[in-house]
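Each chain carries a letter (A, B, C and D) given by its place in the written order, and its residues are counted from 1.
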Amino acid sequence: MIVVMKAKASETEFKKVIERIKQENLDVHISKGKEVRIIGVVGDVRRIEPEVLQAFDGVERVIRILHPFKLASRDFKPENTTINVDGVIIGGGKFIVSAGPCAVEGEEMLTEVAFLAKKCGASILRGGIFKPRTSPYSFQGLGLDGLEILQRVKEKTGLPIITEIMSPEHVGLISQYVDIFQIGARNMQNFPLLQAVGRTEKPVLLKRGLMASGEEWLQAAEYVLSEGNPNVILCERGIRTFEGYTRNTLDLSIVPVIKKLSHLPVFVDPSHGTGHWDLVTPMAMGALAVGADGIMVEVHPNPEKAFSDGPQSLKPKVFAEMMQQLAKAAEAFNRPLPFSSERITIPGNETQKGS
Amino acid sequence: MIVVMKAKASETEFKKVIERIKQENLDVHISKGKEVRIIGVVGDVRRIEPEVLQAFDGVERVIRILHPFKLASRDFKPENTTINVDGVIIGGGKFIVSAGPCAVEGEEMLTEVAFLAKKCGASILRGGIFKPRTSPYSFQGLGLDGLEILQRVKEKTGLPIITEIMSPEHVGLISQYVDIFQIGARNMQNFPLLQAVGRTEKPVLLKRGLMASGEEWLQAAEYVLSEGNPNVILCERGIRTFEGYTRNTLDLSIVPVIKKLSHLPVFVDPSHGTGHWDLVTPMAMGALAVGADGIMVEVHPNPEKAFSDGPQSLKPKVFAEMMQQLAKAAEAFNRPLPFSSERITIPGNETQKGS
Amino acid sequence: MIVVMKAKASETEFKKVIERIKQENLDVHISKGKEVRIIGVVGDVRRIEPEVLQAFDGVERVIRILHPFKLASRDFKPENTTINVDGVIIGGGKFIVSAGPCAVEGEEMLTEVAFLAKKCGASILRGGIFKPRTSPYSFQGLGLDGLEILQRVKEKTGLPIITEIMSPEHVGLISQYVDIFQIGARNMQNFPLLQAVGRTEKPVLLKRGLMASGEEWLQAAEYVLSEGNPNVILCERGIRTFEGYTRNTLDLSIVPVIKKLSHLPVFVDPSHGTGHWDLVTPMAMGALAVGADGIMVEVHPNPEKAFSDGPQSLKPKVFAEMMQQLAKAAEAFNRPLPFSSERITIPGNETQKGS
Amino acid sequence: MIVVMKAKASETEFKKVIERIKQENLDVHISKGKEVRIIGVVGDVRRIEPEVLQAFDGVERVIRILHPFKLASRDFKPENTTINVDGVIIGGGKFIVSAGPCAVEGEEMLTEVAFLAKKCGASILRGGIFKPRTSPYSFQGLGLDGLEILQRVKEKTGLPIITEIMSPEHVGLISQYVDIFQIGARNMQNFPLLQAVGRTEKPVLLKRGLMASGEEWLQAAEYVLSEGNPNVILCERGIRTFEGYTRNTLDLSIVPVIKKLSHLPVFVDPSHGTGHWDLVTPMAMGALAVGADGIMVEVHPNPEKAFSDGPQSLKPKVFAEMMQQLAKAAEAFNRPLPFSSERITIPGNETQKGS
């Protein structure tokens, strides 16, 4: 940590800052430039927060040198984290696809999508039972009633299940039914929730908040890790910018950044990240190309009847075509899907109209 | 609601959309332009969500005409909402100041700040017991233990209390101790929490999320209102932009926008909104000038020893000077503080060094 | 300047960086922490750019300590810059209003607005002859033909003139007709243009770019100043964010930030900053309250017939009412308008309908 | 175009708007909903700008239905535009790489890079002679003196040349030396410059502005096209967001959006888009995967000695490795480089240290 004093800081102010640093058994290196004095703080600097020193009179600014996360960092754990979900290995070199409807709307539909997803090479079934909706008047999901549906569909297809959790009090119940907890973008800094899932051993897919920097995202992961749960999967799903042609701006460049800084696996959600079904395939290909460990996509047998997120859901045939392309490209990138691309057949039903 | 069809949409696609609209007992007005066909949806359009129609083949885009909130809108309730908190009237024309430390650190300090705040014209005491912190290693607040401190300081000073709530399960307990629930920016879309406070009658100060549009903010308010609690105060506290000289960008222009669209009172938090104590006074003046109903500011007897947010906290003397200026200006704007500016005396202790 | 080495940087890499720094006759202070080594660069550090050192192997990041501008900084020139435009003193403590139509549409209209502006207390007449328009098919302004109109209206009213300049090659001609050059937001980093106006002595009003940080804005001012022209007025006009209720987000907090860092006067443009005429008055009041030296507003006798920017233009009566309020408030803030508020009479014609 | 009237708009206001629309020989469709009246404007609506109607009393908002660009749109010209630059076909299905140093620093270095670029499969040589720099004290490029160097290196290698142009007055001279004009991000809305290059027939690579929406970018292209020059290549180079780990946020999702809306070829610049050399390779792969027609990258024989942009420049060996990977992947995507990947040999000199 480095403390930059103001040009006009007095000797007393300067000394007070040093005194405060030494209270924490930290050492100082002083560097006196032409215009300003700089104090380098040496030792276990995580013991004092920058804002503590920033509040002192005479301090211009305080600059953190070390990353504000530890367990999530590659310095702490150089080798990639791999997570085994019912035999599906995430972060282990294969490109993993999680697919399913935005929301669980009923057992029949979910079963249909699940078998399709499986046939096309997806390894995990997604389906929301709690839907965080901007408006209180929108469909909020089936709630806990959906859990039994998820369980039965898992039994039928063998696909592990991921679903979103919104309240700490549901952790116990939901963990009996699903294989991966999803923390949604709006809850990325819901700290009581992060702590609650951190106290389990179940894998947690942590979506990046709409407004979260990569650094804050890794700190949110740190909340889970520091409670003892090492099984965190990060998922980029678009950030908010001024661009209006897409619902969010899918930040694919954060993927190689995170892979450099952290050992955690990184997924990409091209459905929420773009908001338009016809952008899903190219952005899924992009996710593969920039080094993501997998993707999460929305598929619906009939997007026009979806209770939510219809515009970004793929129809079965479009999904199958995407999976074929993806499987082929993944082989070229040496990160094949767990299933061979040859197995994927394109269903005969209607395609989505180009736009 | 207006549905714009793609130039190449087929007759069948066009008819399917109309059919779907009519299923909801809504009427359509069709407008055939040179290049595209447009369907105007007439009736109680809130019964169908834009995304449902957006998912149909042949639809270019769906445009919402009416605001996606109702109870929060001025169309629904033209007159200003006023909220009586222990005799302090919010939204009634007087400029209300809520002041106090970022976090409750102990009874002695809180008492000192509370008496200062009161003497200088503040009407409400703020103080956090749960602090949502970006890092799991930062001070997280005293938790529920702080409630008794808040209660005793309220008894001593008579000032009503506002504190942040972070979990739905705390609503019952905290409501016995405090006068206003604060929902922090990171929880603006924590829908279970909004619903939980919406089921009480206690006033709720709802901070705007770092990346929330004004529309989403009013929809979050709608979550509280639609559960039956009409006592919502909105609080602008800065949005996230690319600007680095301030911690956030305090969006003062949202104040007159919200006053136009909604009947709810609007506060401004210049402490969190800027992150620097020396910007608090000018931005507090700005908040008054653009029409806010009040402000919320952080004061600390010794910012250098604050457990959190020291850099943006005002020292007592600086706070008192701000209150004097504010009281004078508020009179010129015909929105006086509840207390006369003449009553405010500046304490003798040290000022903060200019920057 | 501080160079943070990577944890794994080799001794050779470390030495190469130091060698490069010493080539510039700069000194180094080395600080060896637990995890990383840090090199403090001492001396006239502006001789070497951070990116030069950033490119070295083994360098994690380079942190600039001093501001990247000099002539614009208050360290360099502590006292406020005042600019005398035909007797109107900008930056001297009085609150200056520049008003007029977005574009010069004809002599008659401009004369009418100019007399109104003058009567209501404005000191400078604005009017564009070149209009930078997003679409090539929009009205582009009268061009150089408008210069004579500006000159004649100035002769009639005595008001100094400000107009936007878009090409370096027009500097010579336009400077014969107008009193202040305006550099528009889209040209804030049009460096050849900044250099061209920097080679004159005419005041330059430099609008902040839609996505320019405060630091980049001051560096753009430095382009003008470093060519020898000290007469720069900065003008905040809104930055681009995700918020859709306003055309831009007027960043009033940048005003006290700039006043702290720089000696240059700062204006605010609430017309472009919000895009809606009914937000102009509150934001003009806000600009005064946060410490701006003046404002720039759009007035049009008949916004419905304006060739551009009609929605944000004030009708004469609304403008006069704003000026009355502003004059009163400015007195309360001890920064009066050059003209007394009592002089302002409200014209009888129609007002704009509330929204 | 659709005009939404305010709920309280009077009959007179309603009629005035209709009257104004009819003045342009446009037709109206009126749709009277429960709460508001809506006017659909039918005919050649580009004859009236939304803001004209927005300025009318009683108008809530005006919604544009058609895209505000014409020549750039795929509706106007369904087939892809291909541009032949000295035999290099851009937009014709092959993946084109443009490479070279940020700035031309001298003939020897440029020659070295050019031969390397060619050997590794690049088809176009980039090199700036005018460098738009944020600070007036940074290296500004060799200026027009660099033109002869560019010409001689072109003669030696046969690679066509692209360089940035910053002033309309340079168009004539520069066009004699180079093959493609580059318009930099900061000049994307420098309309006189767009018009000047639009009056030539030389290809124009138009970078997206840091703050430009996709719609504004296509409107900027329209400025060039509408002057008669059909040879526009768009180039995404990152937009400004709050994310700090990358210099900009490279918006790869805009690529498939633009390909859908427009017939123009789209490039991606992963060097400026990320600001870090070690992100260039993954983002170049991403650009290919999402459907870009080519990329533009910075290569420097010795980034530590680069006059500008060293941190984002690739060393020769890293560049060669990227080209090998890219060539292989491009084949898998059926959009091969013009040169076979087998031709690329990796030079023996040092690699860049991982980060």
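Rule of thumb we're sticking to: a contact is a pair of C-beta atoms (placed from the backbone, for glycine too) under 8 Å apart; a residue touches a chain by one contact, two chains touch by 3 or more.
No experiment lies behind these values; they were computed from the predicted model shown.
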More C-beta pairs touching across which pair, A-D or B-D?
-> A-D
Chain whose average C-alpha position is farthest from chain B's own | D
Distance in whole angstrom between the CA centres of chain A and chain B is 27
Chain B to chain D, mean C-alpha position gap in Å, rounds to 40
Dist(centroid_CA(chain A), centroid_CA(chain D)) in Å evaluates to 30
Among the residues of chain C, which ones contact at least 2 other chains?
-> 211, 240-242, 355
Chain A partner, complex, touching residues on chain B are 6, 9, 13, 16, 20, 46, 49, 51-52, 54-58, 60, 68-69, 132-138, 140, 166-169, 186-187, 189-192, 195, 209-211, 216, 219, 222-223, 226, 240, 303-304, 306, 308-311, 313, 352-353, 355
Partner chain B, residues of chain C touching it in the complex | 211, 213-215, 239, 241-246, 249-257, 260-261, 273-274, 278-279, 282-283, 285-286, 288-291, 328-329, 332-333, 355
Which part of chain B faces chain D closely enough to touch in the complex?
-> 2, 4, 7, 29, 31-36, 38, 40, 42-45, 63, 65-66, 75, 240-242
